[in-house]
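By letter and in written order, the chains are A, B and C; residue numbering begins at 1 in each of them.
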Amino acid sequence: MTRFVLKRLAGMALVLFAVSVIVFLIFNVIPNSDPAQRMAGKNATPQLVEAITEEWGFDEPLPVQYAKTMKLIFTGGLVSYSDGTDVDERILEGIPATLSLAIGAAVIWVVLGIAFGYLAAVRAGRFTDRALTVLATIGISMPVFWLGAVLLYFLTYEVELFPNGGYVPLTEDPLDWAYHLVLPWVTVAALYVGLYSRALRANMLDAMHADHVEAARAKGLPEGQVMRRHVLRNSLIPTVTLFGLDFGAAVGGSALLTETIFSLHGVGQYAIESTLGLDLPPIMGVTLYAAFFVVLFNALVDIAYAYLDPRVRLGSSAP
Amino acid sequence: MSAPLLSVRDLRVGFGTEEGLVQAVGGVGFDLAPGEVLAIVGESGSGKSVTARALIGLTRAAGARVEGSVRLRGEELAGRGEAELQRVRGGEIAMVFQDPMTSFNPVSRIGTQIAEAIRAHEPEVGKGTARERTIELLGSVGIPDPGARVDSYPHELSGGMRQRAMIAMALAPGPSVLIADEPTTALDVTIQGQILRLLEDLNRERGLATILITHDLGVVAEVANRVLVMYAGRVVEQGDVDEIFYDPQHPYTWGLLGSLPRIDRPRPRRLPQIGGAPPAPISPPPGCGFHPRCPHQFGKCTQLPPLQARLEGAPEHLDRCWLDPEEKRAKRQVEGRIGLEAPSR
Amino acid sequence: MSRGPAALAWRRLRGNRVALAAAVLFALIVAFCLAAPLWSSGVAGTGPNEPHTVEKIVVDGQEREVVSPDGTPIGPVWLGASGKFFLGADGRLGRDEMVRLMYGGRTSLIVGLSAALLATLLAVAAALLAGYYRGKVDAAIARGLDLAWSFPVLLLGIALGSALAVGGLKLGPVEIESGSLLLPILIIGLAYTPYVARPLRGEVLALREQEFVEAAVSQGTGPARLMLRELLPNLWSTIVVFFTLVAAQSLLLEAALSFVGIGVQAPDPSWGAMISSGFALIYTSPLLTVLPGLMILLTVLSLNVLGDALRDALDPRSQAQLEIHTGSYEPELEVAAP
């Protein structure tokens, strides 16, 4: 098992390298505008543009550019030329809010997603299933930012049930922290509850027709036990893979628009603000930051999968 | 003769599909006594597996319509509630499936799955006791080093070991009837004999009644006491194993016997087959299901022959063919042995 | 008596009332958007980008300002001004919301569906190549897909969108201007290619192992023929299902990117951009935010429902289709006469 883990982590390093190349291509190679101008952003003065060209190596061959760009990123030298702030500092500042949003939403979506998916599968075809499926399908069909805006309007303005956005650090006041996060959590979770309940339902419906399920019934096990021990358990394994990627992305700030609508000032909102101003260095930074977490969680999920599914872990050794 | 352990009368199973109602099993009946091995023979689609599953109410999951009577020790099972049937499944009537690889949960240890069977029927048994009994069971079915094997995952065992484990799992709650659905089909020929031997031994030691479902007449000849031959959802011939092999009364049975390669005869130029194919379940032929493929069919065959004893002195030997016994004796001789000649078309 | 899989699927689909409703809904939305020029010239008398900030209109006999002095646009007028400003004005610029909704829909649908088409084409190509050549080619393509999948889709869209916002794209001979619709189509199409490619690749790899393919290879069939004649026809059901689902996702991504300003660029209207401008006035005119989002929801919903229904209809093992037909079966009477 340890060898598997090490191999997987080594693979991760390789993927991260490839990711950095792609980010480099996206920001420095394929756009059809002067790179230094692009990086300089709004306040581009000729001196600034020259300085940037020097620092990033825009007048040098691509591999050198790549090396210089990576050096900038990994030595904390990425700077937003529009407002002079350090990109990595701003990202660090935003992490608590992003993490709070990701973890809270994840708890909600895992619990509800599994509960709804399980219910829909065991009552397949009946009213409960139809109702849950309708809700789930609506959940994945809404623009997330629109849901956030609608919730914001109706539940903080029309009816002043929740605060009007903003983030309160956990260390300051846990209750207030949660109070401010309820609507953002619901907004993010809505999509994922829909996705996960649909995925689990589909997996379970497939698993229900497996031979070993019939064998379990033939043993005289009550139907509930058959569903839990032999259908649900087997169906959850692929859900774990899905969760790893989605949670990794959430930690990386994929809930950007929700953060923005509710003014949480997390990593995602930082990216959005930079996008509105076409300030590229922060976007580069956040993209790499997010990809890092997705890749990390991808590797963790593979390791978890190997642990959960003994066929992967032990290898098929039957003659 | 003591009352039969299991008594089935006019069992019918139908499935509703998009294309209409499919009658998978149309009127099967038999008795089973302790210590007996009843073989149900037929090709794929003959309804033999559906019959077996219907006995313990497993077809409910697929939305089938089941009619008829199934009595265990005189008590009627048909129409019983789920809770009652769960007690019967495994506890009274156990089933061994064809493919042990897919019949075990791949992510759960076999010891766990066997203990699960025990505790489902004896909830007062603790985990430790259940584990001990599991190890004992694994040993009794011939698995070496059961103390270590109990924690194995299904894919870690060889095919033969898995099938033995599956038999152990079926026997764990102490049933009186064992249904084995093609228990040797997925196994190597060399292992098949071992498993059959095991089933025979267990049958004798524990006084089980066994229903063996197979398409392999060689297996039938080895272990069965009585035989049910099924075709297109109906029983076409039924009786003692010797009667069926030496005095078969139905053309389909002749065809089955005739297609067996024989060591004691010269090699035929072509391996004999039964011409044609089984009818599509959605559109069965009128009358006898086999008559479109039967070289001996005649006008009356479009009326369904009743399943009855037509031989004097063999009241237990039933068949479903209009031909009278002398005609049968004559027509079944093909090139010096029992067989079915090709249709004259 | 047995029908081909396509005919069977079609029959199942026709019997699925929910799917039919979704198809009708989608058709209505498309019709709604296509009717934009008709409404614009025939009823509203204005285009999607024409401002009417300082104008007044006559509503039920009364004269009212399109945009009040404090910047609040007029709410839905319905038929009060014979169709003008049917849904009100869209903000400080006083543009006709109804007209913008229709034109915005056109743009969003064009971008969304084209992006889905692009993603599907690229995915089919990648899957066929990976599946046919297997080995190193497959490994490379699989790695590539995994790599693309390492970026959260929205973030990837934002990265590409913001980088290409100023000057557009230049990749070898391919040049796309920054205001062109091709840019968001390309960005969204690329972002979703892995979404379609992964399941397709899995299927092609499975097909590749089957005997009919081995037989064709041994007969000397060339790669192009094999991919197009043997492999591709077996992929249609997956392609159709995934095209529908990815179209739904593309619409959502386009809305998100346009919301942030790097998807569809002004002056082209888009539902996503409308939500953005509406959000600024959410407390005074919530309808401006609700309406475009509702349109997106309905369109995406109908596509998702259709995609699901297609998947169910085309699945040969669809157990859910088994139903008991009661009352139409007469048990056959066994003649037990001598």
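Following the convention adopted for this analysis, contacts are C-beta pairs under 8 Å (C-beta built on N, C-alpha and C of every residue); 3 or more make two chains touch, one makes a residue touch a chain.
Remember, it's a predicted structure, so these values are computed and weren't measured experimentally.
More C-beta pairs touch across the A-C interface than across any other pair of chains. Greatest centre-to-centre distance from chain C is found for B, with centres as Cα means.
With centres set at the average Cα position, the gap from chain A to chain B is 53 Å. In this assembly, the C-alpha centroid of chain A lies 22 Å from the C-alpha centroid of chain C. Across the assembly, chain C contributes residues 319 that each touch 2 or more other chains.
Across the interface of their complex, chain C is touched by residues 15, 18-19, 22-23, 26-27, 30-34, 37-38, 124-125, 137-138, 140-147, 149-150, 152-153, 157, 205, 209, 245, 249, 252-254, 256-257, 261, 271-272, 274-276, 278, 280, 283-284, 286-287, 290-291, 294-295, 298 of chain A.
Across the complex, chain B meets chain A through its residues 56, 58, 61, 82-83, 86-91, 94-95, 97, 99, 102-108, 116-117, 120-121, 153, 155-159, 162, 166, 169-170, 173. Within the complex formed with chain B, the residues of chain A that make contact are 210-212, 214-223, 225, 229-230, 233-234, 237, 308-311, 314, 316-319.
Against chain A, the residues of chain C that register as touching in their complex are 143, 146-147, 149-152, 154-156, 158-171, 175, 178, 248, 252, 255-256, 259-262, 272, 275, 279, 282-283, 286, 289-290, 292-293, 296-297, 300-301, 304-305, 308, 317, 319-320.
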